[in-house]
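Note that subunit A is present in both complexes that follow, paired respectively with subunit B and with subunit C.
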Partner chain A sequence: MSGFAPAGDPVIPDYGDVSQCVANNDLFCADWFAAQWPEVFQPALLEHILMTVLAIAIGFVISFLAAVLAYRKRWLTAPIGVTATILYTLPPLALFQLLVPLTGLTLLTVEIALVCFTLVILFRAVLSGLTGVPEDVKRSARGMGMDQGQILRRIELPLAIPSIISGLRIATVLTVSIATIAAFVVDSGLGSPILKAISSPFNTQFIGAGALAVLLAFALDALLTLLGKALTPWTKARS
Partner chain B sequence: MTVKTRSTSSSIPGTCCDARTTTPRRRSPRPRRSGRPGHRDGLVTRRRALTGVAGAAGLLALGACGTGGSTGSGAGSGSGAATGAGGGSASGGSGVITVGSKGFSESWINGELYAQALRARGYEVDLKTNVGSAELIDAAQQSGQIDLYPEYTGVIVMTLAGEEELMDTGEGTYDFARRFEADRGVTVLNATPFENKNAIAVTRDFADQHGLRTIEDLRGIGDFTYSTYPENVSGGQGYDAIVAAYDLPNMGLQTLSIGLNYQALEKGEIQAADVFTTDPQLLRSDLVVLEDTKNLFGFQNVVPCLRTDLLDRVGDDVPELLDTISSLMTLEAVQAMNSASAINRLDPAQVAQRFLEANDLL
Partner chain C sequence: MIESRESLGITFEKATKVYPGTSAPALDGLDMTIEAGELVCLVGPSGGGKTTALMLINRLIDLSSGDIRIGGTSINDLGPIELRRKIGYAIQQTGLFPHMTVGENIGVVPRILGWDRARIRERAHELLELVGLSPADRWVRRYPGQLSGGQQQRVGIARALAADPPVMLMDEPFGALDPITRTTVQDEFLAIHRAVGKTTVFVTHDIDEAIKMGDKIAVLKPGGLLAQFGTPAELLTAPADDFVESFLGDERGLKRLALFTLADVASSEAPGTTPPWPRLPESTTVRAALSAAMAERAGGVLATRGDDVVGLAPLDALVHPDLPEAVA
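Up next is the complex of A and B:
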């Protein structure tokens, strides 16, 4: 039944002409980028945002719980910190690839790796925010009759917000960057067009995807800054 | 830097690269197609290193998923293990077909052709692009992480089966590949009319001047220079092997990144160059491909390799559809698609989509 497929009579579609810019591989071909935006770059950008936000959200929840725990039980600080640091020092690509046998070529693999890299930053940010609350402030809260939970929610956490936000900003910018490597595992995110252009270098594709990653990092950073300001109105009043 | 080398690198998508860094198989490693154009490019070199890491991990994956997935029946459970995160309960296995592609543009397009056409027939398809070299993607298929991927018959014979003696015909190569894969639970469907392999090209002027038609004709025409990529000097199809097989002491060597061959030929810096037969640049330049009368380069038609147990859970329409796609993959069609990728810079998915639309497969 099998053998060589008889040569069919394929209709070869017209793939269109190439602009001079594309043919010369000039630095940036706006016409090409605009044409590829809806099918290539916009979906890649949205996937990248999703990957980043998901990793930061999960990483934050884990780090937050770990930091509160370490704040209560100080002896846990060192083991948690060391674990997070070890995860952080792993080369991202190696971590991605080490996870592949366990979780496959999937978004789960990517997210596990991305979350691992946020932990050390976010854990330390939350913890240092909490430990940075002046002792006399906590004493006066206790003097007002607050219990430990109330002090945490109403005194310590609000005062830790600036530190937490600055940790989130660093972690977010880092994650936007590392998520481009995720393209080695899943065909997703801004790393995907970059990866596809590596074997056949095309400047517009590198610069387009790279610039989008940079802009995304700036935008998320600015959003977090605004969020921090909104959450700490008293700092504005004070200054 | 990249600006200058664009025309160089645009040849890559046509090449068929199993980053063959890892196969010291028996005595002769046959580093066939190990060439990724532009190896000297830092990025590409780095990328290969990365692929190496991926390779190690992928082989680990083989073990992990082999054990993890062995509870169910065959491919279903295997791909369930591999794609479990995304697909959840894919292990029941009726719906999802996992299609893979290798680490270069011609394979990306091919994978998209399979995936998009299958989706249009109502199958749920999970496409894993850029899985890697022949060894890697084969390991992934054997472990059930991938149901279907396009492979080159010569690569199956030389790399996967480790054969040293090549077959004399494309049919012989195909038959060997089919039997080899059948024993491992993989069904090889019809081969494409086109093939993509190494070849020696000269300019038309040079060919006319010396009356060249075959590689043998190069003997005794006086000294001339041949260029290939640096990784392809020794090995079964490298410079040394060509000189030995065709007895060409008059053939000098200059190693160049693959895409640079074309410029160097046109400038007359070299007279003969190692090219890939589906390279879009080959179309654009006025070159003559010399016939490989001694069959040094083997045969490299593409076959859809699919896990035999997949055939049990899908309809006959799947092999029929794949055969239809294969029959449409003539040299002209594949060159046009590679060109759309390398010259027009379209995404592999776009290239495949337009081709399928034009041929009423979507």
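Up next is the complex of A and C:
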């Protein structure tokens, strides 16, 4: 009983001193952002990178195998394409709702959803890269006595790289963006500070996290572009 | 048998191809014997089956009936992959692999045959010199996209020759080249053919190219029927039917002049005074020499060897190159 503070004498928590920027809730307060970096933003950024890279990697492996299969067995192209498109059109939040009872509020739920969104882009990118190899080149390869596996590994896949890279770039930027919604399921990634800033509208928090997501998308896109250039030295070699 | 490094003859025995879903054959009972070392041109209109005939040889498509033998061995006695690795194959320049350097392109078949790196590199250098891309070091590391059409075609020929195959198949290899480059590459290829002596089957839709390149010409007509098979001179002198005659064109008599050179027709007696006629090397074709004489309104041409005049070829001799006595 006596442990309670007497009525009329409320305890106001002491949040310490704040800068003018924070007190005014200006658009972006660098001092606050810097102070919160080690505790909030850096971990969120790293989690976000992990979520994105994992989703792209898994999505790529699945799409790649599906595309090679569809390339060999043309009749599979339509069923695989339709399945991937349906998965792509599902609203992300609805997909989370659907998955949570099965896989819980876990990273697994998030990854399943994210992978679903990459499939249609990556499948089409790999497949169009393979089908885009000129007929003359394939006929030459066959005529020279390469078997199917050699033609795929030495001719078709290398020539499909530009198309595959451009698919990876689109899928990656998309995944960085969609992964912010993962905060509805797990307290992880750059979506988490954004979601929290919705209930207590502190500008620096969601603008900072949002800006990090944008910068991350740009950075990964640039990285993939460089990777593409390194893998296709023949495309820039024009005299 | 097919392992031997010499060239081998090719025999078509009632070779027939009917594509699935069609009733008319693309190639209809082709009987033809190509001797070892010969360069045979397959000509004809689109739909004549010339590319079909070529692709049957290395089993890019399979025979519906009949047989093809290479050096006595039926092509069906070898697996298609094994067969193709022993047959040089060159098509229009786009057949080069754009993501591989010149050296890698040439090394494709040697590599799948398991040659070691040093031997592949040595072979690539040797072939680049042979096709006139010299010094080879300047070319091996370039990509096809960095080469002109003529250079790409030379690489295509080098690549087809890489594993020293006893038979070469070429499908309109010079089709995409401009006329000047085309003439140069044709001349070079003829020189290479004389040097290496590979049995070569050469598909072209250009009758002039066939007359120039072929030891023999096979004319195929719509429906995949062989209209005539013979030397260029035989075709031009005695076309087998109206189709061959019309395919040779209404300048048949003039085209025949391209089969002779000044060395064949010029009189070797050097006269006291040489008329002021155009001077041409004795390797010039009679057709070109006649054209030069007409352009200059001259009564003939002078055949030269180096700087020396070695013979006279008056118009009569140019017009009837194989009847010199009848003219006088």
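Definition applied: the second predicted complex is superposed on the first by the 223 of 239 C-alpha atoms of A that agree within 3 Å, B and C clash if a C-alpha of one lies under 4 Å from a C-alpha of the other, contacts with A are read in each partner's own complex, and residues count from 1 in each chain.
One rule holds in what follows: a contact is a pair of C-beta atoms (placed from the backbone, for glycine too) under 8 Å apart; a residue touches a chain by one contact, two chains touch by 3 or more.
Because the structure is a prediction, the values reported are computed rather than measured.
Colleague: Which partner does A:V137 reach: the first (subunit B), the second (subunit C), both, or neither?
Modeller: Second partner only, subunit C.
Colleague: Given the touch rule stated above, what does A:A57 touch, subunit B (first), subunit C (second), both, or neither?
Modeller: After superposing on A, A:A57 lies clear of both subunit B and subunit C.
Colleague: Among the partners subunit B and subunit C, which is in contact with a greater number of residues of subunit A?
Modeller: Between subunit B and subunit C, B touches the greater number of residues in subunit A.
Colleague: Of the two partner chains, subunit B (first) and subunit C (second), which one does A:P158 touch, if any: first, second, both, or neither?
Modeller: In the superposition, A:P158 touches subunit C alone.
Colleague: After superposition on the shared chain, which partner residues are touched by A:V18: those of subunit B (first), subunit C (second), both, or neither?
Modeller: In the superposed model, A:V18 contacts subunit B only, not subunit C.
Colleague: Looking at A:L108 after the superposition, I want to know if it touches subunit B, subunit C, both of them or none. Which is it: first, second, both, neither?
Modeller: A:L108 sits against subunit B, while subunit C stays out of touch.
Colleague: After the superposition on A, what does A:A78 contact: first (subunit B), second (subunit C), both or neither?
Modeller: It touches nothing on subunit B or subunit C.
Colleague: Just checking: does A:D147 make contact with subunit B only, subunit C only, both, or neither of them? Give me first, second, both or neither.
Modeller: second
Colleague: In their complex, what parts of subunit A are in touch with subunit C?
Modeller: 134, 136-137, 139-147, 150, 154-155, 158-159, 232-234, 237-239
Colleague: Write out the stretch or stretches of subunit B touching subunit A in their complex.
Modeller: Answer in residue numbers: 2-3, 5-7, 9-13, 17, 36-38, 41, 43-44, 47, 50, 53-54, 56-58, 60-61, 63-65, 81-86, 103-105, 108, 127-131, 145, 170-171, 174, 178, 188-193, 301, 323-324, 326-330, 332-333, 336, 339-351, 354-355, 357-359.
Colleague: Under the stated contact criterion, what part of subunit A meets subunit B in this complex?
Modeller: For subunit A paired with subunit B, touching residues are 2-8, 10-13, 15-16, 18, 22-27, 32, 36, 39-40, 93-94, 97-98, 100-109, 184, 187, 193, 195-196, 198-206.
Colleague: Looking at the complex, which residues from subunit C come into contact with subunit A?
Modeller: Its residues touching subunit A are 58, 60, 81-87, 89, 91-92, 94-100, 108-109, 112, 142-146, 159, 169.
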